[in-house]
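Multiple structures are listed underneath, in structure tokens.
One chain, subunit A, links the two complexes that follow: it is found with subunit B in the first and with subunit C in the second.
So, the complex of A and B:
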């Protein structure tokens, strides 16, 4: 692995290599485009087939352009599983967790990052470990406890559990941000006679809004995509979230190729929508180390 | 003034402490406790000491599930990191500079797309694409005259794990690309210019500057993807249900089976406890390595 394997200088501004450079440039771009297309291909195949009739699929296969745009598969699927209901369930859960999770993270991080309460290192280690735990190691007692509290098969249990799980990550991240919070701002608030609560909501929260936005976005998308706990906790059809509803239907006798594509399309669309809306926040967040 | 600020923040921590106790600490302690019992989830648990653990170490499925995880770490951590490193470097300092920033951003989004879709839904898509009779992949192979290569990708015990690994590479690739591209933004362009003046080749620059300076991101990506591989559940549930004949069994699915299908809650708890211990140890080893690295 030494210099011998090195490709000819791609970036040198030597004019004599221009033709080779431009060819190399197109080859590299083409390879990247093909790779990227391969990554996106499964989604494209879904879009292509979601609008076909089963007969069209049977005779022309998965890669043909639909003979006519048919919304029948999507409409059938939507009505059969009451998809509006699943969308609402997912929306309510993800939104509640995002709001409550950010709030809990802020409270924790205010005490740990700005307040530097005693034992903060140990709290941070705890939140770090909590963030690492596989959900399998919590699930059975949570299942048992929620049954005892009549919270089983209720979105409330899922909202509470994910609020805490996500805020473990949020606390860890936000504490390191608040660690470096400009002291002058806190001092100024204190001079103005603001108490701790007013400082928190009048100074700290507004100033750290960009970071909170990132956290909110991540919590929302993570919760929307969560599968393991919702699968176990939300057993009745009325309470299922989108991923659970789709996974449970899988293998159903009515789910042929076009119905599967239609269901996958409606399952993917909200996520793609968030992705497009939050794209900037997401990339900024990933850069800030907001990762899981 | 700063003295006064020291006290009085503890109340803000109370909701967090209460919630963490209820949702994390108590269930964690309970699971560890249950792992020393025989319990079907209904009648009273029965204390059996370390029996679950001795059974675990003699259980071929347990070892099998961890063996599969090693391969999934290759598919989810090692391959995406290596590929992602090259892709990020090419996108950042070739495509962005020579072709345009726009293209680099578009390609990056393309690679990242699978990461934002619900795993259960992309799993369904892959099940359909890889389906033996009506799946897109076999249809494509047929139409280009390679029909003999077609097979039951997820149903053949020899191929199921490979197919799952392939899907996981697809799923995971975008994460290192985005992380590394973010890290590359930190690098002082003058370093590259200096390397160019010295006549360094692209590859030399890649090794001496790029890889060295994004070490922090490399560590983060390797830790998080390795841990994600250890925790994998959703994809396996949707793609193969651990089958065929346990060819794709993974620890979390194995634990789930014992909890909710076999009513062996004690045994499932033991599996989860072992998995948790491995993850926590691994994370701390990585952290130590990283600290030692950054202390240099």
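So, the complex of A and C:
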């Protein structure tokens, strides 16, 4: 009997707190909705205009609902810049940079964080400064080096440059993660007779996999969105990446708002897709950090 | 600390780089590349624009007159050419011929660095100098300091551009206003709109439109000698002289009288054009670059154009230039291509698609709207009325002027104070040039 009466009692306490709690929840929901709308609004405007005809845009302005859905802007843009090719270029560059950048970061951070080489603080300061360097500063030196190495107008130049730039950040971040790496694991590996390489690939890398996943995702998206250096180093249309191709639509004095929206839409879709696919790695990586 | 040092280092590198560019660029080769088997050609015009259409035709004509030559055409972004032309033209990736921006800071700078081929010989032997009027030639020629107006030919323009008045015929009819022929009639027309609670002018105060309106007003008091002083540094310009004072003062008056909307200081040129094409404003003062777009896109009302009333001088210039890099491997072919773009067939096509051709045959422009544009252009260019743009004379002057006129629109500055502010960078630049 007592067991049967217990639930109503619980219910009673529940109902007494529910109105208050639910009111708070509604307010939070409303605030979140407004924030969400603020974040999504610019993208919505892009979507709205991507499917408009230029005449529709000219007579009704950017905020109106399209009179009819037109895919012409997207199709025209795709053919005009040979977008398939640009997608492929971007994919190859961003993937290579993500893989190589993570590898380089792991090697550096292993030496700095776990190996504790002398002067490691200065190394980290150096990497931090390298991170803060504006890319404009790098342009001329890189231009002359790449010309001397016959890498000007080649995707290889971009891959090397961004591997280094991204791994500067990766090294900085990963070193502090490895600084806290459980010593017991390393000691256990040493007792088992594992050498430095074995320890790295058998113990350190698998344990820090979630963090590496986060780095990989970020490197990919950052490189995908890079505009300035690819604009300078990828001269031929055949080598160009997606953001550089998007710039073709911006003219001297005029811009074509509908075509620009269409291109922006197809330009960000791959990065968004990639983010959605790897979104779980991201949350897992952040959670892994939190547990420790 | 680290940052300032880095900046200093960057500055040193930039300097070294520009020296390097000058040094490397001057080795011309005797070979004209007449037997080259391919022509790499770059431009940054949209394929459906007047220039894009005409140049496509030119490529076709070139192919049929040069069988066996492969044309490698790439559409570039304006931004890429604007930012990197110096670096690209100094590398082996340089094209054989490309479209490039006219002006001291662009074509002038590259010609000074020895990156562009001197076209003077071709210009006279192929008669390009006969087809282009003197004010069009101004932007094609650069002297040893890279200043336009005199010296050698470094580029050839195919089209022109100029500032005019676009008006909404439906709104003019509604308030029974005739097309003004004098500045007084023009202000009277704008008064009528203001009385009827319609703001007359669509203005993009954040970008080039505001400065072009004020320059148009200054030009109403100016002559060619003043333009040469201001643009080509022939004599010192008095910023408190009658021309610039009238421009700034009248501009401020137009804001006060409500001709120019008070909120336009934050409006971009693109939004100005869209607002006009939505029929929100009866008048817009801007360049011929809008023309083709308005023909295609304005469907809800009748519109027309007239030249700024009373002026013989108008803001405008040649369009961008065809230039041949010194590193071009097919110079002879490049000259042939430029010659084709100057032929009536290509020029007429440019005119029939809403562009402003420099050497078209007026009789073969058939479409009424395109004819209207060409007639205005003929009026301007036959009177040699191109006065260039107000932001040309000094590097970075665009931002200075845009800021100045934003101040006038906001009312945060008086005209005299604003003229003092914009005079300083102008005179600093003169000092840098040693004038």
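One rule holds for everything that comes next: the second predicted complex is superposed on the first by the 214 of 292 C-alpha atoms of A that agree within 3 Å, B and C clash if a C-alpha of one lies under 4 Å from a C-alpha of the other, contacts with A are read in each partner's own complex, and residues count from 1 in each chain.
As a working rule, contacts are C-beta pairs under 8 Å (C-beta built on N, C-alpha and C of every residue); 3 or more make two chains touch, one makes a residue touch a chain.
Only a predicted model underlies this, so the values are computations on that prediction, with no experimental measurement involved.
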Touched partner set for A:62, first subunit B, second subunit C, both or neither: both
Touched partner set for A:152, first subunit B, second subunit C, both or neither: second
Touching partner for A:82 - first (subunit B), second (subunit C), both, neither: neither
Subunit B versus subunit C, judged by how many residues of subunit A each one touches: B
Subunit B versus subunit C as contact partner of A:232, first or second or both or neither: both
Subunit B versus subunit C as contact partner of A:54, first or second or both or neither: second
Contacts of A:29 with subunit B and subunit C, given as first, second, both or neither: first
Touched partner set for A:161, first subunit B, second subunit C, both or neither: first
Where subunit A meets both subunit C and subunit B, residue numbers: 57, 61-62, 129, 132-133, 136-137, 140-141, 143-144, 231-232, 244, 247, 250, 256-257
Of subunit C, residues touching subunit A in the complex: 2-3, 6-7, 9-10, 13-14, 16-17, 20, 44-47, 74-80, 83-84, 87-88, 91-93, 101, 208, 269-270, 274, 277-279, 287, 289-290, 293, 296-300, 320
For the subunit A and subunit C complex, residues of the former touching the latter: 54-55, 57-62, 80-81, 129, 132-133, 136-137, 140-141, 143-144, 147, 152-153, 231-232, 235-237, 244, 247-257
Of all residues in subunit A, those that touch subunit B in their complex: 3, 5-12, 25, 28-29, 32-33, 35-37, 39-40, 42-43, 45-46, 57, 61-63, 104, 107-108, 110-112, 114-118, 123, 126-130, 132-145, 160-161, 163-165, 167-168, 171, 183, 186-187, 190, 196, 200, 221, 224-225, 227-228, 231-232, 242-244, 246-247, 250, 256-257, 260-261, 263-264, 267-268, 271-272, 274-275, 279, 282-283, 286-287, 289, 291-292
Touching residues (chain side subunit B, partner subunit A) in the complex: 1-2, 4-6, 8-13, 15-16, 19-20, 22-24, 26-28, 30-31, 34, 41, 87, 90-91, 93-95, 97-99, 103, 107, 109-111, 113-114, 116-129, 131, 134-136, 139-140, 143, 170, 173-175, 178-179, 182, 185, 196, 199, 201-204, 220, 224, 227-228, 230-231, 233-234, 237-238, 251-252, 255-256, 259-260, 265, 268-269, 271-273, 275-276, 279-280, 283
